[in-house]
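Notes to accompany the following structure.
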Amino acid sequence: MSRDSALRIAAGMLIAVAAMSLLAPVIAPASPIAVDMSLRNAPPSSAHWLGTDTLGRDVASRVIYGGRGALAISFGATLISMVIGIALGSLAGWFGKFTDTAIQVFMSIFQGLPGLTISIAIVGVMGASNLSISVAMVATGWSGISRVVRSQIRNLRNEQFVEAAKVYLPAPGYLIVRHLLPLTMPTLVVLATQRMGRMILMIASLSFIGVGLQPPTPDWGVMIQDGRQYFAQQPWALLGPAVMLFIASFSVARLGELLRDRWDTFSDDAMAVR
Amino acid sequence: MTNLLRVLARHLIQGVLTLLGITVLSFLLGHIAPGDPAYAILGSDGVTVPTEEQVQVVRESLGLDRSVVEQYFLWLGQLFRGNIGVSFMTNRLIEQELLARIPVTVQLSLLAITFLVLTSLPLGLFLALHKDSLLDHLFLGLTSLFSAVPGFLVALVLILIFAEGLRLLPTSGLNGPTSLILPALAISLGSMTQITRVLRAELLAAFGTEYFQSARAKGFPFRFAAVKHALPNAMSSVLTLWGNYFIAILGGSAVAESIFALPGLGQWVLKSINSHDYPAIQAYVLVMGVLCLMIFLVVDLLQLAIQPRLRRAS
Amino acid sequence: MSAPLIEFAQVTKSFAGPLTRSRHQVFANVSFTVHEGEIVSLFGPSGCGKSTLLRMFYQLTSWDSGRITYQGTDITSLPKSARREMHRAVQVVFQDPRNAFNPRWLIRRSMAEPLKLFKIVTTNHQTLIGEKLALLGLEDGLLDRRPHQLSGGQLQRLALARCLLVSPRCLLLDEASSMLDLSVQARMMELVKSLRTDEGISVLLISHDRDLVQAMSDRIYSFHDGTLSTDIAHTSDSSK
């Protein structure tokens, strides 16, 4: 399979998942939160393609709706992390010395703790909500981006074309915004994709253990936890969201990987973890 | 020798600064928590409704009427004296809980990282030696698949296979060391493929270096040279990666503890969240910070050991 | 004679070596002048810090002692607008042509950059750029390429063309023709000389090429062990 077609397939899968989540109100066969106690844990039927869960809700609809929260939050949080990471990373990389040290100490606080720990703590004290989850995701995501940006800016700031441009006495920020940051774009796009993939999984994990999205919100993580109890009887309540979660995170991760191979960028696998 | 000390000192200072930063973070977490701690303490039994005077007394004793900065230093002072705080929930010192639970989490994480190292090292070496073989292609194809599966799903699959299917290993509670095997496996499985892949790549890169080629030219057989000459150089990046994954494993242990009902830090913090026990959450962040710091220091020390050129202060 | 356009007086620069604790001197007590309409050369082997002198002029790097002046005024005490004017009036071609332009920008954009940043609105940018390219024997098609698609020689000529866009009074050329073959180099040097003759543009030439330096310069300074001295044994090649 050629690189290009693999890239298109991964991108296609991601677009499909995103479209499904976006168009959920239109394409879902039933309401994801409508409870029907007379029809609990029912197997798949023509009325309910994947059956129902322990509260009689249509599993198929819940699966279709299941990614909305996580995808929306990860997308938004990735953007914000990028903004913060680029801003602080550029400042640290460009000015060096004290600014650099100060920002690095600040960065190290967030890199010195596991992402899940920070997230659990933030959501724990703020109470589980879209806001707290978003804040948690941004808190865990920004420092990795900042580190890469800092490194790239540091390497590029002494290049001759930067010095040549300095002769023209540009306004402050021109050099960073117009010359250097565009050069970091390929790396940053890959990084952003990887981040988003990680966030999707983290949100699912948080929801699974109860400190993420909360029932009755149809979230894949929540559904997997709910689906455990009657798994033998109605496996689809757990399998449906599990498969969708896998497809979503796999397509994002694969996309990131393929983009990285194609652009032969600076980032390596080590970045993917933190 | 003094250079080495200087490098170590620098790492230590950075670590201390980071730790201080984490204390600030932890403190702030307690502050953004909604609700009045005085109320929480007085009303923790869920029955009594404290009067204004009682609340005021408690607030003063907790120092809540002073400025934020003052409160931070008071709290920090308490920390240094070994007082990590009183749990809202149990009204007992958090220390006791920590002493009981830290070992569980640490053992779980150590087991997980051991699994990780013990599989990624030989497998990475093997794949580098047999590049482009069927197994190699198979492996590479599977890595992206495996890395997309979240830890909790892996855990559920393992439970399905081992508990319900084979009934070989315990899946709930802490009843001896075997209880840690499945959880450790669940945490580490997803990362194994990723790390193996990196090790493989690093080794392949090392095979291309002059150092390696000259070793081969001296007559060392390929496999021997691979272990003796290529591996040490490849280890440097992999060591950092193992360190990063160890950190992630520590974080992920919370999920494993929840699924497998292990009485560790993760399970404790989840319970504390449910009962709005904010001092407990603060302590959790602090303990994790300290543990991670220790991991960083160990990784740094190991790096210095295997890469002598780092011993010069840059 | 009026104050020199550019003067370096007793400039010294040193830095601490990476391994030793002693300070290395890059150069000591370097002094030279460039007057209006002159072609002056700094001659010496590559890598002895001559390029650093150019960077100092724009305050891209510091120096330990000595004075650098422009039109008699210390460059560090120039008010903002005067400094702007100085940067426009004295243009530079740095040593490595491969790195002279942003690798991601089209040449077109790089060329227009000084016009944009110095806010020159008087003429049509396109025609002006086309003019200068022609002057250096370059075709317009180059404008739509990126640096990696061009040869070292083309990039060097583009760098000089870019300098001419803002109507400078003085050119600082650091090994500006090192990548050109002899005939193209000769053309470029003819151009530089005619710029001096027709427009009174001064030139500071840095080169390790003895023949070039002797053919071009009114005055030559030689670099020896970090100090500059006037080379007496040269044939003065005045104006034409």
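General observations
Order of writing sets the labels: A, B and C. Residues in every chain begin at 1.
Just so it is clear, a contact is a pair of C-beta atoms (placed from the backbone, for glycine too) under 8 Å apart; a residue touches a chain by one contact, two chains touch by 3 or more.
Just so you know, these numbers come straight off a predicted model, no measurement behind them.
The fewest steps needed to get from chain A to chain C, moving only between touching chains, is 1. Comparing per-chain C-alpha centres with the mean over every protein C-alpha atom, the closest match is chain A.
Farthest chain from chain B (centres taken as the mean of C-alpha atoms): C.
Rounded to whole angstrom units, the spacing between the C-alpha centres of chain A and chain C is 50. Per-chain Cα centroids separate chain A from chain B by 21 Å.
Centre-to-centre separation of chain B and chain C, using mean CA positions: 56 Å. Chain contacts: chain C has no residue touching two or more partner chains. Chain B makes touch with chain A in their complex at residues 14, 17-19, 21-22, 24-26, 29-30, 32-34, 144-145, 147-153, 156, 191, 194, 197-198, 201, 237, 240-241, 244-245, 247-248, 250-252, 254-255, 258, 269-270, 272-274, 278, 281, 284-285, 288-289, 292-293, 296.
Listed in rising order, the residues of chain A touching chain B in the complex are 105-106, 108-109, 112-118, 120-127, 197, 201, 204-205, 208-211, 221, 224, 228, 238, 242, 245-246, 249-250, 253-254, 257, 268-270, 272-274. On the side of chain C, the complex with chain A involves touching residues 55, 58, 60, 83-84, 87, 91-92, 94-96, 99-104, 110, 113-114, 117-118.
Chain contact summary for the complex, chain A toward chain C: residues 159-161, 163-170, 174, 179, 182-183.
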